[in-house]
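Going by the order they are written in, the chains are A, B, C and D; count residues from 1 in each one.
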Amino acid sequence: MKIGVFVCHCGSNIEGTVDTAAVAAAAREFPGVAFATDTMYTCSEPGQEEIVTAIKEQQLDGVVVASCTPRMHEQTFRRTVERAGLNRYLFEMANIREHVSWIGKDREANTNKAIDLVRMSAAKLLHNRPLLSKKFEINKRVLIIGGGVAGIQAALDCAEGGLQVVLVEKTSSIGGKMAKLDKTFPTVDCSSCILGPRMVDVAQHPNITLHAYSEIDEVSGYVGNFEVKVKKKATYVDWKKCTGCGVCMTKCPSRKATDYFNEGIGKTTAINIPFPQAIPKKAKIDADFCMKLQKGKCGICEKICPTGCIDYSQQDEYVTEKVGAIIAATGFDLFDWTVYGEYGAGRYPDVITSLQYERMLSASGPTGGHIKRPSDGREPKNVVFIQCVGSRDKSVGRPYCTGFCCMYTAKQAILTKDHLPESRSYVFYMDIRATGKNYDEFTRRAMEEYDAKYIRGRVSMIYPKGDRLLVRGADTLMGTQVELDADLVVLAVGAQAAAGANQLAEKLRISYDSYGFYMEGHPKLKPVETNTAGVYLAGSCQGPKDIPSSVSQGSAAAAKVLGLFSKDKLESDPQVSMVDIKRCIGCGKCMKTCPFGAIKEIDFRGMKKAEVIETICQGCGICTSTCPQGAVQLQHFTDNQILSEVNALCQF
Amino acid sequence: MPVLKGKELRIVGFLCNWCSYGGADTAGVGRFTQPTDLRIIRVPCSGRIDPLFIIKTLMNGADGVLVSGCHPRDCHYAEGNFYARRRLEVLHRFLPILGFEPGRFEYTWVSASEGQRWQQVVTRFTEQIHKLGPAPKIAGPEASKTLRQMEAAL
Amino acid sequence: MKYQQELKDSIRKALPDLDVVIAWSSGFDPLHATPHFIRRDEDIDRLEIGPLCVHNLATYLPGLRGKKVGIVVKGCDSRSVIELLQENLIKREDVTIFGFPCTGVVDQTKVRKALGNAGRVDFCQVASQTLVVGAGGTEHKLRLSKVLADKCFSCQYPNALLADHFVGEKISPSVAEEEGYDDLAAFENMPLDERFAFWQKEMDRCIRCYACRNACPMCVCRDHCLAESRDPHWLSQEDNVRDKWMFQLIHAYHLAGRCTECGECQRACPMDIPLLLLKKKMNKEIKELFQYEAGVDPAATPPLLSFKMEEENIKEREW
Amino acid sequence: MAKVQFIKSADVKPWLAELAQQHRVFAPAYDGEALIFRPFDPELEVVLDRAATMPPKKTVFPQSEMLVDFTYSKDPEDLSRVRIEARETLPEGKTLVFGSRPCDVRGFTMFDRVYLSEKMTDIYYQARRRNTLFISLACSTIENTCFCHWVGSDPCDHTGSDVLAIPVSGGYLLESVTVSGEKLLDSQLLADGASRKAEADKFCHEIAGLLGSTRDLSQAPEKLLAVFDNMEFWEEVSAKCLSCGACTYLCPSCYCFNITDETSGMKGKRLRSWDNCMSAQFTMEASGHNPRPTKAHRLKNRVGHKFSYYPAIHGGVTSCCGCGRCIKSCPAGIDIREIVLKAINFAPAAVEE
């Protein structure tokens, strides 16, 4: 093999602490290396051209680039060598930036390490073989998990793009958190007025199949050909017949059911439609509160339902959807703020969350849009907002900034003044994060036009004082203690990963960070991709996001799916396992351990042998480390390739 | 093969592509300074790591071997690190019978987001290996050369 | 051996339906037995069972796939049969298992040591607790407790765990289970550097004949072993300690969770390398970690081919 | 005329120490439970009362040896032009083996006919053979596996040795066989042994008698060929064979090898290592076809080669020295004598009309 080695300066990123010329010089001594040079920016147009030229002029048949991480540019350079006529797998990358130049300043040690990494890459490359992709059919349907604004946007964009969409929503209506909001910042326009029509579009779009009150049970398959088992939870109402008339709700005697939609402000009936604009507008029975289901007595809804759709014997139902791509848009949950003893840990009825306040502000909410103290129904005079509850707080394991609380607090201060002109709002904040378009102007308005008093500092304690609350905190700008009499305290509770996010990620085979938010393919360049081909992300499941960002991601994910499906066939990654039929003894250990069922038993001249189904194989290599005789080898990571790296490093 | 005039020891890492290799990248992006001894071999999944690679590396004279994969339950391939965990744990317990100091091989889990953790892992492991010092070497391919020299001496 | 005749009768009855029955007969001298392939009725007469029947005949089973095979097994051998069944390497319906209660087999190395340079062996008799050997004109009385194989002193399964025909009365193990790894514990008390040196010294005399591998009933790769392969190329053919030791570790690791501790590797080794020690260590750890013993349950899944989301006994170090 | 000396048992080690000044001396000593020829070490007990587990084959025919070492070097002007510099690595130095058995050493004469023939000389073998001297020791015990007398030898056979030592009371009678051997017998520690010659002769006579009656193998070449195509015969006799290499590697007269190249970086070496015909790899062709696909084919080759094909081209000499190690060390207890006799006595079943 004639190998060319290109050692990248990456400006001063590498050259600053690695003598790239020395690395290139050392590389010239390695077996197979016929050409080695150092270049300023290998990934740049002239840098790539240099590789192409060298391949042609020097008749190279293998290339090593020593630069950044392969997770960044492996694809780039594979295309480069392909342009020059080489197979893309006759290429190796040595990571001398993230793993060398950026983590140490000792130039001698770094240079020596870089030389070793290039030695390893060249040694492996000597064992590389050209690999060719196979084409396979794809199922051009997309599954979207989560019917919040991000999921809705993705669903509509995909459906408009001509794809069949399956939308799965955990609750009985789509709409997500946005449906609960009264107004949105910074325009203060009505949330349900802008979201409502889009929800209706989802309901009416011929390309969208909606499974509400459903969850993902199992996911199998691979990009282009997933099979998803959806669990449709029992609603005890036949939705085919339910018209959403709501008569059942008026007569249901069980009126103490938790009103999840209204964040527990008030109660609802055991059989309910969560809110008037619900999509689908169908009733469901909350079994925990239904007297018929709990005690076998009642049955009123069944008697009065004009369409006879009540079915107390309904069971969970499973449907299998075959799709080619999946978008996870599972959103977020609110942090459980009751861990904060200083805010009363839930003991004071007049300390509420921002989302509960949002429901209170909403004209369709439980108070009809009147701001009332939950304790006595009185209109508050002093409203104290506390920001960063469960955000930017290491002590509760939430060091990150939720990002949108500053903005909705300003919105709520403005709305408070609108509702109660006599009131005064106080906002305890750490910093104001108002980096969006028209955002900073908006917070300014809250302070300047709506007379919200912003106090930079944290609240140390809330005490009951008569029927009011005493809020004690610090004003760090003034360096003074602050004590305020409050009628209502609103906590700007931060976002955390949705309950069950981890379990879903395991089913989807995507990774999540230590807080449970899903990991994107690349923090900059692949914001909606995941490391699992065919699985995309939208909205707050990847990290807390406001509405515009969630919508953007919904559209972005849809664009990715549309892009993926623009091809009629997909190319399989040829980095899959292959069985050397001569070595295989048919013991089947590989089949036992393959997580994908990608290895099947075949009969070869009367002997049992293993065979890899290339399109199903994901290239993990578990089979290769399981096979005792080394008969099944993961291409591009064969035993010999890894051994050659080991031997290049350890020649004692 | 003396490594960098005796300043470094030979430490080989086997890292899964999706989590730990990414974590090492994240550490780089964060400029989290680390000792320079470690050389990383990238594999798709910790499940690809045949424990025999680790044995082979130690037999070849490496002073330390560090394996890192996705946290259990976070495997990109769903199950790879579960298999790896069993195989690596067995190896970890098996190596001492051969006379390898227990600390020469460790395995751990580092996610792609845990740059700082990666820095700590590398730093701690490197310190551990330096504390153990160079590993005793096993007569390998060069042994026959010695024999030949012995023959020549007579 | 008490049950020899009973066993012969049992085989005689079954033979017409079988292609071959594998048993033992007397070998090249009175002190050695040898595997005996019974194909014809008259072959049955030469069958012998007893403490000289050291060979684990299960090793032959995968090579006889497709044939109807009868096999006589000791308790330890039966575990190998079970393990082969579990791994689908043989078919249950093709194998007829004849079991008998085993009171232990000799370790020929110990016998050789005890006899010294005795010369030609003229006869060998098994008395209750002794082996009486006539060699070089003298009669040597060897106490069985001195010459039985080490594995027999930690044996938990003296009766075949799986048998179609069992002759004689089942006996109970002579040692408590926890004592099984005492010899290992002694070795593990050696300082690390001595262990390291020990193995290098032991491996140095390996001649790479691979008797250890070929005698092993669970080494089913047979002609496709990594030892001689260039692709994958794990080992060179050079006579150095590193490659020879590496081979034994490949062997040990490929047996992890599969080894039935029959000790054939060590018995077969013409250079008397204590190979069983490596396997015992592996088994001990597997047992501790996964409460698993190979070759006990044909329906079990070997621990390294499975996993649990939460492993009770793996404390991942806070690394 | 052979030089005849006497050495007291107690002087053996001092004498070996003396010889070790000019030679690499190997003598049988225990390594673990195995008795092997180890480099002489005054600390180690030299064990002479029984045959070693392993013959001293390695001293002349190493388990593996480097034939050539090679280095790649690049043309600095054009890195893709690579030169290979290869160097023969001929073994040097003098070796002396003490305590080998007559059968062990006689094995090398089987090698000699192949490696030192008129047509072809193996220079590596030749160098070691020339530089290795053997002081063999006549056997004082006979084991069940001994059958040197079947193949034309006896416990006092000096063929291939440089000196033959015969146990006599108080020590050993040392009789030179070759000129080089004679030179070894110059030590101050030795005394003239002529007076003990008779005792030695008596010993040899008696020990040979213990071997018992011999078997006539003269028909073996022909009879083995007769059963060549009788695979049923070979399947039956090979049924218990495990296809390992214990028999061949412990055999003093098995001389087959394999050649492999190993490279590391820009350096490499060509290795010759023992190979054995019992392994499936031995005849495996690159295409995947194996002309000896089963252990029956392979065992047939081993027996046939030693008792039929080799004698056919080497003047009737059986390529077996009767040491019995293949029997003793076979993990399955295969007895080569039994197979040969079975072939000789094999009567084809009468063809049914």
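Everything that follows uses one rule, which is that contacts are C-beta pairs under 8 Å (C-beta built on N, C-alpha and C of every residue); 3 or more make two chains touch, one makes a residue touch a chain.
Not measured: the values here are computed from a predicted model.
Engineer: Using the touch rule from the top, work out which pair, A-D or C-D, shares more C-beta pairs.
Structural biologist: C-D
Engineer: I'd like the most central chain, judged by C-alpha centroids against the all-protein C-alpha centroid.
Structural biologist: B
Engineer: If you average the CA atoms of chain A and of chain D, how far apart do the two points sit, in angstrom?
Structural biologist: Here chain A and chain D have centroids separated by 71 Å.
Engineer: So, what's the distance in Å between the C-alpha centres of chain D and chain C?
Structural biologist: Centres of chain C and chain D (C-alpha means) sit 30 Å apart.
Engineer: Taking each chain's centre as the mean of its CA atoms, how far is chain A from chain B in angstrom?
Structural biologist: Computed value for the inter-centroid distance: 32 Å.
Engineer: Rounded to the nearest whole Å, what is the centre-to-centre distance of chain B and chain D, using the mean of the C-alpha atoms as each centre?
Structural biologist: 44
Engineer: Check each residue of chain B and list the ones that touch at least two other chains.
Structural biologist: 51, 56, 60, 73, 79, 83, 87, 140-141, 144
Engineer: When you check chain A against every other chain, which residues touch at least two of them?
Structural biologist: Residues 582, 593, 626, 639, 643, 647, 651 of chain A each touch two or more of the other chains.
Engineer: Check each residue of chain C and list the ones that touch at least two other chains.
Structural biologist: Residues 204, 222, 234, 236, 238-240, 304 of chain C each touch two or more of the other chains.
Engineer: Touching residues of chain D toward chain A in the complex: what are they?
Structural biologist: Touching chain A: residues 72, 74, 78-80, 263-266, 288 of chain D.
Engineer: Note which residues of chain A are touching chain B in the complex, please.
Structural biologist: 69-72, 95, 97-100, 102-106, 108-110, 112-113, 116-117, 120, 502, 505-506, 509-514, 519, 531-532, 575, 593, 595-596, 618-622, 624-626, 634, 637, 639, 642-643, 645-647, 649-652
Engineer: For a test of understanding, state which residues of chain A touch chain D in their complex under the given definition.
Structural biologist: Result: residues 2, 28-31, 33-36, 58-59, 582, 647-648, 651 of chain A touch chain D.
Engineer: What residues of chain C sit close enough to touch chain A in their complex?
Structural biologist: So the residues of chain C touching chain A come out as 87-89, 220-222, 224-226, 229, 231-234, 254, 301, 304-306.
Engineer: What does chain A use to touch chain C in their complex?
Structural biologist: Interface residues on the chain A side: 580, 582-585, 587-589, 592-593, 626, 628-631, 633, 638-640, 643.
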